[in-house]
Amino acid sequence: MIDPVILFFLLGAAAGLLRSELRLPAAVYELVTIVLLLSIGLKGGIELARQPFGALVPQMLAVVVMGFALALLAFPVLRYIGRLKRADAASIAAHYGSVSVGTYAVAVAYLGSREVAFEEHMPLLLVLLEVPAILVGIVLARGFSRGTRWGSVAHEVFGGKGIVLLMGGLFIGWIAGPDGLSSIEPLFFDLFKGILALFLLEMGLITAAQIGGLRRHGLFLVAFGIAMPLFSGLIGAGLGTVLGLSLGGTAMLATLAASASYIAVPAAMRMSVPDANPTLSLAASLGVTFPFNVLLGIPIYYSIATWIHG
Amino acid sequence: MIDPVILFFLLGAAAGLLRSELRLPAAVYELVTIVLLLSIGLKGGIELARQPFGALVPQMLAVVVMGFALALLAFPVLRYIGRLKRADAASIAAHYGSVSVGTYAVAVAYLGSREVAFEEHMPLLLVLLEVPAILVGIVLARGFSRGTRWGSVAHEVFGGKGIVLLMGGLFIGWIAGPDGLSSIEPLFFDLFKGILALFLLEMGLITAAQIGGLRRHGLFLVAFGIAMPLFSGLIGAGLGTVLGLSLGGTAMLATLAASASYIAVPAAMRMSVPDANPTLSLAASLGVTFPFNVLLGIPIYYSIATWIHG
Amino acid sequence: MIDPVILFFLLGAAAGLLRSELRLPAAVYELVTIVLLLSIGLKGGIELARQPFGALVPQMLAVVVMGFALALLAFPVLRYIGRLKRADAASIAAHYGSVSVGTYAVAVAYLGSREVAFEEHMPLLLVLLEVPAILVGIVLARGFSRGTRWGSVAHEVFGGKGIVLLMGGLFIGWIAGPDGLSSIEPLFFDLFKGILALFLLEMGLITAAQIGGLRRHGLFLVAFGIAMPLFSGLIGAGLGTVLGLSLGGTAMLATLAASASYIAVPAAMRMSVPDANPTLSLAASLGVTFPFNVLLGIPIYYSIATWIHG
Amino acid sequence: MESFTRKLLTIVTEAALETVLVQDVEKLGAHGYTITDARGKGHRGARSAGWETDANIRLEVVCDEPTAERIAAYVRDHYYENYAMILFISDVSVLRPEKF
Amino acid sequence: MESFTRKLLTIVTEAALETVLVQDVEKLGAHGYTITDARGKGHRGARSAGWETDANIRLEVVCDEPTAERIAAYVRDHYYENYAMILFISDVSVLRPEKF
Amino acid sequence: MESFTRKLLTIVTEAALETVLVQDVEKLGAHGYTITDARGKGHRGARSAGWETDANIRLEVVCDEPTAERIAAYVRDHYYENYAMILFISDVSVLRPEKF
């Protein structure tokens, strides 16, 4: 049965496509995003408190390598099959090598309502996956030489809202542990799915607004926006199995791999690869891949994980 | 005993009348409104999932007729007794033929704290009642001929935040059913009365700001703003009884009939009957009828319903 | 063990000091503040419903005297040891004679997680303590004669958001009593600590932004910002014991005495003592005393109270 | 640095007009517009932006003189009578005349 | 299209002044005003609008020249010394001179 | 009341540029700036401020003519090609010339 949070996404998308007057104020979108990021970080941090950190290092390294690899694999497809400008191909590759916290949250809801457990330290991998693709994107667009100000790139990336709140949540969860957090559970855990519903309502509206960009830039982006996550999902599922993750964890890593960024990477690309057209990358990542993943992708990655694990 | 949410309304009104510095940011007002509209829709949708839709059709038709009738009855009073301009009379009539979601929410709280059950599909009737009076208002103001762009009127009405969120909530509740929604209950149901309290705090502030309009436009509006809802409440209670509604449902339909719009109708009138003075209609519907209904009306309609049912 | 809400404060401060892009929209800060103020008021009001008001009058008077006294004691220190301008000394004295609701909320969380009970009518004393220091500040800065418009001062003070919402909450809690409020508990009580966490995240960001003011104006403010609350805390603990408060109540009154205002007083001083430099007072009260109290002060005041009571 | 003179047309009006007004100015030849949320007071009373019905917007269009005149005339004829609205025009210099 | 010259007076200052400032400008003869929320930086440091104490407003008044001068002089005498504030005046043309 | 002529430079651009742009204008000699949040439409399409990536800012600087020219030239060279942006300059009179 379809999860109600998905219905909120469809409601937002329908309202957007039918040009209704419905808008969420930017401040509401921010509040909802902040609470989601903190919740996800806290959940992950609690788990970190439970196990030796050292045991996670191999997973962490593998996942970082995957982030580099996915961006590097996407680039030639975009550049030579899609015939995109170098900057655009690099920027889109960075989006797809990185991850989407919104998609992750929907996968949490999906597995939750099926009562499938997964390794709760996933948010740590989520944070790690945000970064490598950004570096790949910048290097692909501008090479190593052209005086990239890496200091300000690092500041841009690590100072962004997404990473600060996820990392902050992880730390707080880690230090406070499950008992310490019980007093803030009502806001950050009990309301999680309700707030996710509001978030997806807004995401539906935002997604609908990207369709214009899509119409102007051809079918290639649609094809890429569906094929790339399916491919990445397979890679993620494979890696998850090799790393010995549970069924849920494997589905989760597949979803992370398949998801495309629309917060951290667009901001970083805008500053560091300004000649890339943001309309293209957002049309692909928000207009195609996000709805695809939310509506069809997550169940598919879960099936893939079940099949591999079976 | 007085419901605490009413006390929040009084607090807001007092703060407004005493010119305190208290303001709720517009974004907070929007968030609170959005959550209330979705909650109400979801509650109604769950109920729709439980019963054959066909059985509701007679009620739905009757209620639409009531919406037309109330607006048509209000118009001559406003035009000939109140001596208002044609456009103003038409616009105010439309406000009173339509409904107020805020008033409905207070009635839900009222019946809830008395543990009086009512037909949970009420929100469906609420949505249906929003529309007919708007049509009446436009036709009364401009006639059928004067090139009204009905397409854009329809877009205005059905694309407005209120109807989109109520209808969206109804659909989601209908499809997901009570079990599906349990995960989003903490936000949309458990917090309902707390959020209603914040909403009423703001409504108190807004109401207080309408008093100026009232002072400038005489006693007629005050009299109309109290007499009309009493009359409509009687009609609503009668219709509820005829339709075989329960005691709670009858009180609810009386409240709906008695309430006057301050979101959907003002927006529609502003675009379609621009020569109507919005200060007048808001002074009546927000400055008089809303506080009257919230403080005295709802208990009165409940008594009427009890008396008819007794 | 450290309370997780404190960790949110540290996260915000770290993000601010590292110049991250993290910002909370002003509307979110307002929403969070409004809910906290109402919660605190409501909690206090419930308690007022339980006991004869008359019994509290001596405490109320004593606390008002303390507010006057603390501001009067702070002034000469600021003026003659700190060599501040008359207006600045008066304004800062007013900040320290008054109270900080945010600090109070953290103390509630602190005692709560240690399961230490305290007199629940504390919020009444909190409201009372806001005012006297403001009067002292104005008189110290301008004397009695210079045509202060006391009417508009009163309006400024009693019409401010903080006092309106605290007093409003107290009244509503008083009238509705514990049973009446049960329906709005999920928002105002269950979410309290989660919302406090968001508030402290923002306070961390704000605090970090005050450090600049501090750097420009020397070490005296740092010393004062730590010594003054320790001194006031001692006075508060002593008074609490004399008034026969419980251990928790004594710790609470010490915390109130030690806390410095950053909402009501800055606004009042800006209008009534405009020649005082707000950078100075905020650097002291927000940049030094707030973090000191939240991180170290509250445990210290609790130890003092334990020691006196032991 | 060569620069060119254009007109800056500013309209302050009810937020409810936003959708139709931007359609109007585009139809009348504007190549773009900028909107900020506003509150204020005028002949139709205070509009304090506490809620949607009560909010203003401030719309700016940089354009050539004929377009500014066209928009001003249109807006005067269609909205002055029934809506809270002010409009004013000033001279600005821009670097890329073809853009406006 | 006949148009008339008026003054546009713009003040950027601390949000805390809003209530008194609008009273002042009305008392000094303005027929209306428009306010937007703002942030910024100047001689009194950065005001980044993260919370109430730290926010600016941007107040605009369209009026005739004597009124603009009156407001400017009043504001200079009463607020320049103690408040974060800038004020500037420009020429605008309007269609309804009687409104301003 | 003596008054002095200065330039008011207004830039409307993507919110993402805020941090670097204010560094630029300060480096180029501005003594202050004012920012308001905005939305709008131009050659790079609609920017409706529904979320961060989609929002505009409106940056104002009051300064002397050389500074205005310097900022305009810098901004044109560095941002016109790749960012949604407009810039315009007008004359304003101020009371305290030393401030700008």
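Each chain gets a letter, A, B, C, D, E and F, in the order it is written, and its residues are counted from 1.
One rule holds in what follows: contacts are C-beta pairs under 8 Å (C-beta built on N, C-alpha and C of every residue); 3 or more make two chains touch, one makes a residue touch a chain.
No experiment lies behind these values; they were computed from the predicted model shown.
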*Starting at chain A, what is the smallest number of hops through touching chains needed to reach chain D?*
2
_I need the common contact partners of chain C and chain D, sorted by label._
B, E
*Please name the chain that ends up farthest from chain E once chain centres are defined by their CA atoms averaged.*
A
*Report the chain whose mean Cα position is at the greatest distance from that of chain F.*
B
*State the pair with the higher C-beta contact count; candidates are C-E and B-C.*
B-C
*Is the contact between copies chain E and chain F built from the same residues on both sides or from different ones, judged by whether over half of the numbers are shared?*
different
_Please tell me the distance, in whole Å, between the geometric centres of chain C and chain F computed from their C-alpha atoms._
40
*With chain centres defined as C-alpha means, what is the inter-centre distance between chain B and chain D in Å?*
34
*When the centre of a chain is set as the mean of its C-alpha atoms, what distance in Å lies between chain B and chain F?*
45
*Scan chain D for residues touching two or more other chains and write them down.*
36-37, 90-91
*Considering chain C alone, which of its residues make contact with at least two other chains?*
21, 23-27, 30-31, 186, 191, 267
_Pairwise chain contacts under the document criterion_ = A-B, A-C, A-F, B-C, B-D, C-E, D-E, D-F, E-F
*For the chain D and chain F complex, residues of the former touching the latter*: 1, 3, 6, 8, 22, 26, 31-37, 62, 90-96, 99-100
_With touch defined as at the start, can you tell me which chain E residues reach chain F in the complex?_
10, 12, 36-43, 56, 58, 69, 72-73, 76, 80, 86-91
*Contact residues on chain D for chain B in the complex?*
14, 16, 20, 44-45, 48-55, 81-83
*Residues of chain A touching chain C in the complex*: 25-27, 30-31, 34-35, 155-156, 158-161, 164-165, 168, 171-172, 175-176, 180-181, 183-188, 191, 267
_Quick check on the complex: what are the chain B residues that touch chain D?_
23-24, 26, 29-30, 202, 205-206, 209, 212-213, 262-263, 266-267, 270-271, 274-275, 278-279, 282
